[in-house]
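Naming follows writing order (A, B, C and D), and every chain is counted from residue 1.
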Amino acid sequence: MVVSEAKEIMRISWGPQHPMSGQFRFILETDGENVYEIIPDFGFTHRGIEKILEYRTFVQGIVPFERLAMVDAANVGLAYVRAIEDAAGIEVPKRAQYIRTILCEISRINSHLYAIGLAAEAAGGYPAIFLWTTADRELFLDLAEMLTGARWSYAFFIPGGVRADIPEGFKERALKVLSYFEKRLIAYRDSWLENEIWLTRSRGVGRLSAEDAIKLGAAGPSLRGSGVELDMRKEEKYEAYEELNFKVAVQKEGDCQARFMVRFLEMIESTKIIRQALENLPPGPFKKPVPPKLPKGEGFARVETARGEMDVHVILDGSDKPYRVKVCAPSFRNLYVISKLPKLTKILVADVPVVIWSFDPWYLDADR
Amino acid sequence: MSEEEVIKAISENFGELVVESKVLRPKKVSITVKPEGLVSIATFLRDSLGFDHPLGAGAIDYPAENKIQMVYYIWSMNRRMLIMLRADTPRDNPRLPTLSSVWDQMNLHEREAWEMFGIVFEGHPRLEHLLLPEDWEEGVYPLRKDYKLPER
Amino acid sequence: MLKPSEIKQGVLKPYTVVFKHVFRRPHTLMYPYERLKFSPRYRGFITVDLEKCNGCGMCARACPNKCIELVEVPGMKHKYPKIDYGYCCFCGLCTDSCFRGALKRTEIVELSAYRREDLVVRPEDAQPRPVESVLPMLKRFITVEIVGDNVRYKEVR
Amino acid sequence: MLIDERCIVMAELPIPIPIPLPEWVVEFIALNWETLLKIIIIPGLAFILLFELVAVWFERKFLADAMLRIGPLYCGRVAGWLQLIADALKLTVKELFAPKGAHKVLFYAVPVFAPTIPALAVVLIPFGPDWILFRAGGAGLLLFFALTSLIPVLTILAGWASNNKYTIIGALRSAYLYIAAEMPLFIAAAGVVILAGTFDLVEIVELQSKMWFAIPQFIGFITFFIAMLGASERVPFDIPVAEQELVLGWRTEYTGIAFGLLMTVEYACLLAWSLLFITLYLGGYQGPPILGPGTASGIFWMLVKLGIVVAIAIFLRVVFPRYRIDQALRLGWRYLIPLALLNIFLTLAMKPYMLALLK
């Protein structure tokens, strides 16, 4: 349907059934090449998680909550669990904090590998890196399965600690996987990061300045790609991140290449974190018994998921089910930034997949 | 400027409009405001106190006290502090001024609060359904406590 | 124009690095004939031990999707859990909540059925059984070994 | 009629035909079996179709290895070679339909005529000193370029006839791309023609007996290879088929064998351009006579060089992403054409030294 005869702008619907859009619909107003407007159409995968949680006890609630951003299940599950612990004032034993950090970083590497594979494939053709990342994710899925029993939806964190201790043989296996993964990262860098045609496709495309990123509310790698250093692991110092030293990956240009590079560097940091956490894993209990009914209270947790900062606001009313759970999802804000991007920089139709996948939105996270 | 200074700065400029303000956690401040003063306090927060990074907004339904509370979560980048701006409205006819002029992103969050709780935001450019399908019948607000989920 | 160093770095190096991957071992697994050996904690099909279970119903209360229902078993004194795999999401909360250890996780994941009713498994059918009974054409189990900078599939009995 | 007479006639044929054929057919085959062999087998129909099957199989299998997976495996028991024939058969039995409001005649005319053009272009390529289907003499190269420049015309017709807004965008894009890729091809080939002095492909190949033209014409060699990828729409330049935005470019609305024929166009284009690339720069059928003197070793060397060039071109698909349309055009106009012109000036300036090098 033509929007304005003068500039012959036509309105193309991008998704939800589109090779590169995932299960989300963008409406593009374009004249064939230049894109003037990207309108995200929310609600296609809305499941009403916030209502479902009011009908489930705390431990049961973690299972649907993780399905908000399933590819990064550990960090998302951690947000809900920390919100409950913050509301009820539960202290988590040291060893549980370290095990949580290890699983969170494994899940972060999983999610970033997934994002890097798709970002590379969004630029066109079928580059090998798209399948290398899938092949290398298998090792981390096996690691998570060894620790928790499931490859994707771990449901491993419960208020007061974790559900099981680290099995023996996990540490050696993890260290071997990490050293193999670091060699693979070198192969990624050689074959893709300096790839001439990828650089021409992604450098300077979808540029987001620092104050725009802050004003519009970008989250996670999209924010750090524009030079704003905000990482919840350093701000909130939750779990074991206080004792482990790691750098926050920040890039200044703010274009697709910078966001891609931030995810790449964050994977390197994650391997360091897992190594340190495995080396000085404290002894002691991995779980503290928590009564099913938690006292009245209000809790707020902010966790750095792979897609950005997820904030969960939980209100308890003394029963064994939460009274209200409010989730501020990072992908919701990233999608909002994508919709404002055509006003900030020039975007062509061929750039739309590269730009969208450089923000790595997870649509179920945005639709809640 | 730590948490107390922020609260003091707000109470000085808008003394009577602030219903209640307390420090929830280190670096997290919660301020409950009368609906009339919402927009002025929000612009004050954004311009002079530097709360420029909006995180989200949501509403909470209290049928016992017959009120719906709207909460705005804003983060200040240079202060490294979070503020929860709250406003209460009566449950039977919830009306609130819109903050989409202050933080552009609130436009979407207010649309969601409108379709889930029924809060009418005056001055909102486009109050339409965000997450629910277009043919969702009027007057039914799913996130309210009286909307029962069909139990499996 | 591209400087020669840029060409070497941006064009020739990616080409050679990807070309070297042609000689690496592919990661594909021939599923029905070879199958991954999961860890002992894997959350797959749940078996019910009729002796240990005392019909307390803790598992039914723990299940987030309410898939477990206690039913009479002909010839047994009290009720036992019946699991509906149409709704089960394999979170394993039921096996953790059973303090008598009657519900055990196994590594069988081949649970597809033609009709929705067949997905409901009664307690007497939920007895432990080897993977070969489910996968007749299975030849060998595989574990993933990392040798130097290559991934090798080792057969394990 | 004496039986032995017919047998004598048949006996002269290299391959004795047992089946009883009418008189005039045997006569016809006996007289010009050589040209029939050329038309049907080597540079003709069977070669192009076989090349397409082998190229697609190679692409799937070889790129799968680079992606650490296996590619077609079960069809044909040995490395899935039968997969391609199965796909071709599948395409023939699929239903053929045109979208509503499409220009039916034009819609079905394009897939029928399109493969003939690159096939005609292959006719001009010499596979041996006398093994050439149509010795165009002085107009060999010119006729080749004249034929291949017809392809964008058919692309636009197909895009327009499918009555779909995506295909029009795809067709126009492939037309821009083709112009941006063809200009450097002409100018680079002009460099070779200046050095060789003739347009005749056979003489160009004869001149390269001692040293291939790739060495004196190195800049032209590189530009020709890159522009060839653009002309045959291989990976860095397969913008018209960019599935991310345009689903399948101008081929979106075609189904069944029409789609199969359009895939043949793409691979026949690649075949035609790489054959020309070999004759101009890599010394055509020149090479140490392994299978005896004459045409046999000529054909052998042509196929070996073709295999190498096509393998390199196909492998690019797994290494590089795709250029945007304006970046590809900028590369074509701003980098390739000046490079090709530079190559011409160099050849003009140093022609005597290069000829001395060649003798």
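Here is the rule we use: a residue touches a chain if its C-beta (ideal position, glycine included) is under 8 Å from a C-beta of that chain, and two chains touch if they have at least 3 such contacts.
Note that this is a predicted model, so its numbers are computed, not measured.
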item	value
Pair of chains joined by more contacts [C-beta pairs], A-D or C-D	A-D
Most remote chain, CA-based centroid, reference being chain B	D
Centre-to-centre distance between chain D and chain A (centres being mean Cα positions), rounded to whole Å	46
Centre-of-Cα separation between chain C and chain A, whole angstrom	25
Mean-CA-position distance for chain D and chain B (Å)	66
Contacts with two or more other chains, residues of chain A listed in rising order	128, 132, 135, 191, 195-197
Per-residue overlap in chain B, given as positions that touch at least 2 other chains	none
Touching two or more other chains - residue numbers and ranges from chain C	14, 18, 21, 27, 65
List of chain C residues in touch with chain A within their complex	2, 6-7, 9-11, 13-14, 17-18, 21, 27, 36, 38-43, 62-65, 89-93, 96, 105, 144, 146, 149, 151
Interfacial residue positions of chain D with respect to chain A in the complex	63, 66-69, 165, 169, 235-236, 238-239, 242-245, 247, 317-327
Of chain D, residues touching chain C in the complex	62, 64-70, 315-316, 318-320, 335
Chain A-touching residues of chain B, taken from the complex the two chains share	24-25, 27-28, 52-56, 58, 60-61, 71, 73, 77, 80, 82, 84, 103-105, 108, 129-133, 142-143, 147, 149, 151
Residue ranges of chain A touching chain B (in the complex, touch as defined)	42-43, 46, 48, 50-52, 54-55, 86, 214-217, 228, 230, 235, 298, 300, 302, 309, 311, 313, 315, 324, 326, 328-329, 332-333, 336, 340, 367-368
